[in-house]
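See the structures that follow.
Two complexes, one shared chain (chain A), two partners (chain B, chain C).
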Partner chain A sequence: MRDSLQTLSRSLLGPVGAIVAVMACGFLLVLAVSDEPVLAYRDLLFANFDSRSNFALFVNRMTPLLLIGLGVVFSFRAGVFNVGGEGQLYLGAIAATATALAFPHAPGPVLIGLSLIAGIAAGAAWGWIPGILKVRLAVNEVVTTLMLNFVALLLTEYLVINGMRDTTAYGAVSYVLAEQAWLPDIPGLPGATIGAVIALLLAPLAWVALFRTEWGANLRAAGANIRFAEAVGVRAARQVVIAMLISGGLSGLAGAFYVLGIGHRFEQNFSPGFGLIGMTVALLARVHPIGVVATAAFYALILNGAGYMQIDADVPRSLVNLLAGFLVLFMTARFRRGQAPA
Partner chain B sequence: MSASMQASQFLASVLEQTTPLLLAALAAMITTRANILNVAVEGMMLVAAFTAIAVGEASGSASLALISAIGASAMMSLIFGFVSIVMKADFIVAGLGLNILAAGGTLFVLEQVYQDPGGLRPEVFPDLWRVPSGALSWFPIVGPAFERQSVIVFLALIAVPVCSFVLYRMPIGYALRAVGEDEPAAIAAGVHAARMKLLAVLASGLLAGLAGAQLSMDRLHFFLPDMTSGRGFIGLAATLFGGGLPWATAGAAFLFGAFGALGDRLQTFQAPPQFVLMAPYIAAVLGLILSRVRAAARSRPARIGGRAT
Partner chain C sequence: MSEPIVVPLLRLRNVAKSFGDKVALSHVDLDVEAGEVHVICGENGAGKSTLMNILAGILQPDAGEMLLDGKSVRFSDPIEAGRVGIGMVHQHFKLVSSMSVAENLFLNRQPLRFGFISDRRVMRERAQTLIARYRFDLDPDASIAQLSVGQRQRVEILKALAFDARILILDEPTAVLTPPEVSELLGVIADLKARGRTILFITHKLKEVKAASDRVTVLRHGASVSTRPTAGLSESDIAHDMVGRDLATPRRRAGGIGSGAPKLSLSGLTMTNASGRRLLDEINLDIRAGEIVGVAGVDGNGQTELSEAVAGLQNARAGAVAIDGKDATNVSPHERRARGLGFIPEDRLDRGLCAGMTIAENVSTDNYAARKLTSCGLIRMAARDAFASEKIRQFDIRGARPGLPVGQLSGGNMQKVVIAREMEKAPNVLVVAQPTRGLDVGAAEFVHGQILAAADRGCAVLLISSELSEIFALSDRIAVMYRGAVLRVLDRTDATEHLVGLLMNGVDEAA
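== the complex of A and B ==
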């Protein structure tokens, strides 16, 4: 236990430094462009807690980031550089939507269960492709996942236009799901999807699976050195594929949660780059499942806070995108020095 | 309209669609040969596209706009090079970070300076040098296709043999490829590996700058947030499909450009536009799979235990 606490604190030190440095640079920028820099930064960091509805929006923003981040942790720990979170997210979302729309009269729990399973399965299938290509043919997974992201975006656009399109709405938007398919809100926090609670529970589960089971040890062994792992009898290639199934499945679940809990329909471009942000969430947490909770919360905080900052202090919300870019550059500059695999 | 006119019109639109892809592909190719998978082309292009419009509007000079665009993209490439080569960051993460930075930065300037997150549309904008109309009409079909094309199109076409020459006929190209193929061996042979990689990244910045400038200032004369819309990645796909070879990469870029031009006309064929747009990405994945299958077949006798890693 002491050992794992040490790992945790070590994995906290670098990211916190990067965050502080970037937020300090951001403050200088706000000083230059705004008359009310203090108000702007207060909004950026704390406006999420001003009201219950703000907090609910924050929770909803965090959920997909956390799930995708956890998925990325599994794949990175198995040595797969999965940049395909976005595509897996969209596949999960469209599969959940299609399932929920296909059985409009099924009872709620059945419908929700089926839709979630469909979302997980579709995301996992999309993650399986680069996984199997990597272990069988040594095809570079960065390229395949990147390319499959674009294929997924176009494929889901095609599917929603040809078959599920709500013609009364503008753009590539599906019909609204039957109300019994909607996920319940968190009790006492209207508007916040219960999916967030499940995502939060999955984080310690992921930690136990990765760091306290033989299965997890095998997975990490495959990630550290696949040849060595095979040589000592670990079925490493299989572990890699399983890691990609889990990784894609979690991203797919994020898509399903978004559709069932937040959007209640599939919308083309519903994701403001959750996949890419989810990957940076995992990297910032030094690929640690518990750390991912904190970094996902941080990203959700500033992504939503930027909106309030723009309204109150007239600072462009894209400041956050700018900072997010700097944050990635800052932390990656130290990433190789850590002991986390990439 | 006569068939030959239609053919040259189609060829002209292929040229226009191909130019940014070709330049992006060459940008990715140069770094690929130095063993850097360059996902940052997208971000470099975006910054160049924005700079071209901003400087062109402010100065009224097309050449100044073009040079500034290339300069801005080169600056981005140097940031990328500094973080990934000097600071030894993972270059994929750094590249994706640079893309986020480019998208956020251009949007921030749009909102802060131009007060319009929707884009930057100058009312008047200086035009690039173009081939005068009628100048090439003596050459059937191909000639008219090149009329009214901008100087960037020609630069892109010239860039292919130039890249090929530099990579295969000049010592600097040998050194660059040596670093890409076996870095320790190259270092042992006295090649300054980090300098070579930085040079490759800078070259990719210059090419990506041209690509971005063409996108915004050649025909459209405006900038939209995220207007590169994945063209940097298609360029990367073309490079991978072409196996990192200059002429094959150029061929792949032309193929994808032709797909794009065809996609504009495919309404007549009733083909879903999404599938046409998917083609480059699927082609890149298939190209990679094929090249790995070939490699696996070649190395079979030498393999022990069955699985290549």
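== the complex of A and C ==
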């Protein structure tokens, strides 16, 4: 108990300290470019809570980051550097779209269920490819996941154009889904999709799976030291593939939620780089599923807040990119106290 | 009164050093006479390396004084220590592997032309002179990467000597060497002594203490407990000082060893590398219940491959492995363990443990089901901690608690974690590779006791070790490996160190 409390406080100290430091640095920057630095900063941090609709937008922004971040936690914990979140997200989105469009007259719950399953399955399949290649042929997963992102972008574009393109809209955009396929909103928070609640519930589940089951212990052992895992009889290759299935599945779910809950259709380039941000979110959380909730929320907060800031105080929203950069810098820095004994 | 009072070359009084609240050295006195070979020995964690790092200027003492030639000295860094003639050869070499021997010798003090261009010709000549003076077998132009471990060590020694070191500190110099290289090193030390250098030599191998030194100082728990001339001391006297008690010698029960059908049997086991070279060459070996078969050999003659082939971690090209009479040649490590195989690998931090995970996690791996540490799929944390605590007590794992990352333990205690995990399932067949490598005598005694106890329970033990004394102390039969093949299997009663030593070098007199 003492140990877990200690680890918890130690794992919180770093991120919180880093975020405070980033905000301080950011304020200096805003001070330099704006006449109304306080207003700008208020917008950046608190405008998300000004109205229910603002808050709903924040929730919707957080959901894919949280899900992809959780997925990345699984793959990283299994020692797989999965940078393919974006591709898995797109595959999930297109599969959910295709499923929902294929059965326009099915009842809502069935349609939503099928579409979500299709999204998860497609994302998982997209994660399985690099996983199996790594295990069977020792192909580096960074290369394959990165490459598969491009394949996914072009493949989904092709599928939309050749089969479900809404010709009344501009670009590679699918037909709008039948209304009964739309995810319900969070009660009392119109515009915020219920997917956020599910994503929030999945975080503690992921923690339990990774840290409170033998399966999770074996997965982490395979990730931390695969030679050890093999020697003690862990089926390490299988763990790696399963981790990639989960990782891809969670990203696919993020795509399905986006389509069913927010976009209601597949749009090319619907993601502003959720895959990459999701990976940053996981890394900043020190690859911890509970920490991912905090970092995903923080990222969603400043991503949306930057928009309000630009409108009100004329501070360019690209400030947020600077802040994100600072955050990575401060989180990866290790401040050493004294010298360790030799 | 006619004789002048001899001032020791180096004298330490009451030296102490702490890291935070951890006391590394509490009270060390040391006198080193000019021209002697002085061994510092002690168990792991006794403070040997801390002491040497203080002498070499890498660490600064919290208290006490150091006298060199009777004058008080204090070094703020290794360069200052080097200036007054103290040179250190580290256990882990500090060499640039892409550079040549000469370049490494003169790193940061190259002879210069016109004051700024490095003069490679002069540097090479000086390196050559230095090598010739000490009769080392080195090529000044060879790059470090091409050299064997023993040769690299000689480059390190030369580097210290090139600084005109009067006192040469060798930190566990034999830990990385093969037996022939060890005897060469001992020759080098004797030669340096004949040339008037003073040598401080850290080791915890008692044999080397006897072979190399004039005097020996024993450290225990951060304090110097004795300094005595080596002549007339026995290994057990030194061991007694190191651990503070007498050590039991491992004892094999006589007669009735190894009965019934073989528990582990290897037939024609062959393994090749990518280029087709035979790493294992048709190995045939049967081990019965209660029998310990020791595999002797110079490192790199196929022992690692043998252990991994039996554990199922590398695939054999030909031949068969049978556990308990059932073929297991194409069976996964997971399944082999289910059939009663235990494996203590040669490198604990590689295959033996996951350094970043806790002691509880490491010791519970593969034991969850047997010890009912889960319920409804969830780990029962309290039960797992209790299990880990039980093992910590039972195996006397020092400095441990269940939630501590296992990598923070000392080597001997890490090894105990590995053994605790592997012994938990009371294996039928145990593969043990280099079980006491890097362990001090106290921990080694414990490990030996565990291996003997396993055999007494009826386990078939394959013991792989490059320490001949270990092989002789524990084995019922001794198999000698050379270039991937088992040259001969001897009964321990028929084996002599001489015979095994010859076989290890590929000389089979009977053939």
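Throughout what follows, the second predicted complex is superposed on the first by the 328 of 342 C-alpha atoms of A that agree within 3 Å, B and C clash if a C-alpha of one lies under 4 Å from a C-alpha of the other, contacts with A are read in each partner's own complex, and residues count from 1 in each chain.
What we mean here is this: contacts are C-beta pairs under 8 Å (C-beta built on N, C-alpha and C of every residue); 3 or more make two chains touch, one makes a residue touch a chain.
All values reported here derive from a predicted model rather than from experimental measurement.
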Which partner chains sit in contact with A:V139 here, chain B, chain C, both or neither? Use first/second/both/neither.
first
Between chain B (first) and chain C (second), which does A:G233 come into contact with in this model arrangement: first, second, both, or neither?
second
On the A-aligned overlay, A:V328 touches which partner chain: chain B = first, chain C = second, or both, or neither?
first
For A:A224, decide between first (touching chain B), second (touching chain C), both and neither.
second
Have a look at where A:E214 lands relative to chain B and chain C in the superposition and call it first, second, both or neither.
second
More residues of chain A are touched by which chain, chain B or chain C?
B
Under the contact rule defined above, give the chain A residues that sit at the interface with chain B and also at the interface with chain C.
227, 230, 342
Residue positions on chain A within touch of chain B in the complex are 33, 81, 83, 133, 135-140, 142-144, 146-148, 150-151, 154-155, 157-158, 162, 226-227, 230, 237, 273, 276, 279-280, 283, 316-329, 332-337, 342
Chain C-touching residues of chain A, taken from the complex the two chains share
2-4, 208, 212-215, 217-218, 220-221, 224-225, 227-235, 338, 340-342
Can you list the residues on chain B that touch chain A in the complex?
37, 39, 79, 83-84, 87-90, 92-94, 96-105, 107-108, 110-112, 117, 230, 233, 236-237, 240, 272, 274-275, 277-278, 281-282, 284-285, 288-289, 292-293, 296, 305, 307-309
Which part of chain C faces chain A closely enough to touch in the complex?
19-20, 22, 24, 49-50, 53, 58-59, 311, 313, 332-334, 336-338, 343, 345, 350-358, 361, 364-366, 368-369, 373-374, 377-379, 381, 401-404, 421
